[in-house]
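One structure is given below, represented as structure tokens, and several questions about it will come after.
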Amino acid sequence: MENKNWKAWLYLLPAIAFLGVFMVYPLVDVLVYSFEEGYNSASQTFFGTGLYNYSYVLHDPYFLQAVKNTFILVIITVPVSTGIALLISLGLNSIKGLRDLYQTVFFLPYVTNTLAVGLVFMILFKKTPYSDGLVNLLINWFGGESVDFIDGPYWAKMFVMCFYTVWVVMPFKILILTSALASVNQDYYNAAKIDGTSRWRTFTRITLPMISPMIFYLIITGFIGAFKAYSDEVALFGTDLNAAGMNTIVGYVYDMLYGDSGGYPSYASAAALILFAIVFTITVINLLISRKNVHY
Amino acid sequence: MEYEQIEQRARRREQTRKTLTYFFLSIWALIVLFPFYWMVLSSLKSYSAYNSEYIPKFYTFAPTFQNYRDAFTAVPLGRYFTNTLIFTLATTAIMLVVILFAAFAFARLDFPGKNVVFALFLALMMIPNELVIITNFVTITDWGLRNTFTGLILPSVTSVFYIYLLKENFEQIPDELYKAAKIDGTSDLKYLFKVMLPICQPTMVTITILKVIECWNSYVWPRLITDDEAYFLVSNGIQEIRENGFGRENIPAMMAAVVVISVPLIVLFLIFRKKVMAGVSRGGTKG
Amino acid sequence: MKVVLQNLTKKFPNRNKKGDDVIAVNDFTFEIPDGKLIGLLGPSGCGKSTTLNLICGLEKPTSGRIFFGEDDVTNLPPENRGVGLVFQNYALYPHLTVRQNILFPLQNLKGAAKLSKAEMLRKADEAAKLVQIDGLMDRKPSEMSGGQQQRVAIARALVKMPKVLLLDEPLSNLDARLRLQTREEIRRIQRDTGITTIFVTHDQEEAMSISDMIVVMKDGIVQQIGKPQDVYDNPINLFVAKFLGTPPINVFEGRVSGGRLYVGDDEVLRVSGAEDQPVYVGIRPEGFIPQEAGPLCCLLSGVEVMGRDTSVVSSHPAAVSVNVRSIIAADYPINREAETVRFALKPYKVYLFRKDTEERIPFEAV
């Protein structure tokens, strides 16, 4: 038996070692960093402990801009993407022909490198001296004025950012909702049909309650994912997000850590912990709401 | 006759609904596919043709592969590609071994403290990457592993979630098989590889696919840990190409690079379509 | 409401291989009289559920017509037909309470048919009382037993006073005791409401016990329609004879020769009206009379006393199945130690079937 125990730990050793070094230790360490004032990564010295790092971050206009951007992104993309994904899944579930083809196409963004495809979006939306870009061409067709979506006004940049984010997160949501819809027993729909239930009523009274656990799952993961937005923004606006005014909280953390203004792990840690607190709070609120509304 | 009217109305409504559904689905399909079309199209236009189009054209009559040659010669796309391949294969392979042993220990072996350790593992699932990446950056820098494959690979070779997934799967294998194997004198290791692994192959395939996608698209960690172009992965590479690429803003060549980067995963997806989609709905998150 | 099925046919395209269509229902013609309880009976895959779906409108027939009374409803959408359907797994909405489930169909009514809230509640209560679940109105389906759920499902189907009530395998998810109880209940509810009711089952006992008429189906083709006892006493072919009755009918290889009926080598009956030919001989379990000098000689393998009756299990070289099972009154003495047992036969419990078509051959015992 002794021998057996020893073996079991041996099997676990690699996992424990990696997790210990790269997850547990950093977790403690990030807390420590966030309270060490004036930490210098070169000399590894600091001159005090306290809340200064938090205060600095919370007063940093770049951080406030990043928080604002992130919140707008979250508030727009989560409902929009979940809503459209629900519509698409309902559509997919109601057709027979070409269903596999549509499903395959809709899933494509999931397997693409978002950095790479983001460049395509950048080109589609960008206005340069040589060309107004394709999207502006469409806008002109409908009688609108050209707008530079990449280096132009804030709302235009925000629009591209939200649009691309929705484009990227859609496959996962469609996939989950389609299989949730397919798993609802067909008998419920037949029963409703025989009782003459209108489509809308069938949807609100049967379909929605039946798939509500999955919808809440998607909303929760959607919130978490959108709060961590970063690489999609890099793809659209380049690595210097602060200059573009389109930074996100995660982007701020990385910029603090390493980058043009970088080398401040203490500030980065404080910002990361603030982000974690925000995400944690919102997830808890979400869970509380879903407990009340998910029916079984 | 009243009934006939009802029938007709029902038929017409059904027809309209169907048409609208297909129309709506096709619109989204167009939105999804159009960027892909545009990237392939642009990559086939010559530099001068592209830049002379003030109003972009939706087609080209003179496709050229010059951009693809440029992408591999003017910028080290080939190297980015190889780096990513090495990174992806090594990370996935090492991770599979690590999680396999861990899941086996949790699912099959009994030892004191097992439940406590497993609970701790599960607790780690809630820790966001953003929180630990700061220290990891410092750690890897301290160890002098910046701009090395080791530094790139090490922090991402364990996944609590996949251990959990695999353990659940292992536990579905009936105890009797293990007892039978023990009576026949099979060693644990042999049992793991000869019995459990083949039975749980679908889960392993799922995990592999998800991890490969994750690795191929990873951007944040490689960006932090490499500033030497020789170790760039495709995500950083494409960003580098965008910012200091071809000496001038050469969008067709950039698009060629984007096509080259996108193709492997898309091909992989089209081959293993069912498996990828089943895997993602079981264990994937993105967005 | 009388229901008329006219040459009803339903074909499904064959999905697996490029072959012929699968014919689920083939040329089904039947007039269901108003206010009766009809059992659609057959083994699984015989097309009985498809028939049900055609009647309620969930599927459209390939050809043929369906009439409710004088109205042709063949292409009418289900909601306009005024049918109630009880599903095999009940299909109760799990997130709604019993009351909400029963109210659901009423809340769909629009226009002139729309009811006031109080009216709806009254009707729901009425329906619940009818199936005796009025004390459980605020429970969720998951908090109820299978039998209770079944009643809720029936109440939901009845609440809008359908012209026709359809039940798909209504008892298959219940345990044996509940099944007996519930089928009486269904019978009672049907009598009380007088709604034309069609139910589908693969259990012949269920169908026989409560139906006014049964329809026996096989491979999409109707085999026989009639009152349960008539069909049991006069099966039209070997399939129907085998399908009805527990224990099932005993089948032997036999022949008619010169006015005599042979089972194997035993001459069992003198018959007239049947030509000389090899035949299948079907003998109901209750058609055996133990007799010292009976013509049918079987090897005794066991005697099971079941209270009122005795079941004698034996074998015979000409029997198609291994065991020959006969049910005899308990007062006949059986020597359990004997190696053989001899039977005389009740001629009206003996049926002859053609060997090729398995159709019934009429005959008279002499």
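A few points about this structure:
Every chain is named by a letter (A, B and C) in the order it is written, and numbering of its residues begins at 1.
The rule is simple: a residue touches a chain if its C-beta (ideal position, glycine included) is under 8 Å from a C-beta of that chain, and two chains touch if they have at least 3 such contacts.
The shown structure was predicted, so the numbers you read here are calculated from the model rather than taken from an experiment.
At the far end from chain B, in terms of centres built from Cα atoms, lies C. Summed over C-beta pairs in contact, the chain pair with the top total is A-B.
Centre-to-centre spacing of chain A and chain C amounts to 58 Å, using the average Cα coordinate of each chain. Between chain A and chain B the centroid-to-centroid distance comes to 16 Å (mean Cα coordinates, whole Å).
Among all residues of chain A, none touch two or more other chains. Chain C has residues 77, 80 in contact with two or more other chains. Those residues of chain C whose C-beta lies close enough to touch chain A in the complex are 56-58, 77-81, 83-85, 87-89, 91, 93-96, 104-105, 107-110, 140, 142, 156, 160. Put simply, chain B touches chain A in their complex at residues 17-18, 21-22, 24-25, 28-29, 31-33, 35-36, 38-39, 42, 51, 53-56, 97-99, 101-102, 104-106, 109-112, 114, 117, 121, 124, 127-128, 130-139, 141, 154-155, 157-158, 160, 163, 188, 213, 216-217, 219-220, 223-224, 234-235, 238-239, 242-243, 251, 254-255, 257-258, 261-262, 265-266, 268-270, 273, 276-277, 280-281, 284-287. Put simply, chain A touches chain B in their complex at residues 4-5, 7-9, 11-12, 14-16, 18-19, 21-27, 29-30, 33, 41, 81, 84, 87-88, 91-92, 94-95, 98, 102-117, 119-121, 123-124, 130-134, 137, 165, 167-173, 175-176, 179, 221-222, 224-226, 228, 230-231, 234-235, 238-239, 250, 253-254, 257-258, 265, 268-269, 272-273, 275-276, 279. The part of chain A that touches chain C in the complex is made up of residues 185, 187-188, 190-198, 201, 205-206, 209-210, 295-296.
Within the complex formed with chain C, the chain B residues making contact are 3, 6-7, 10.
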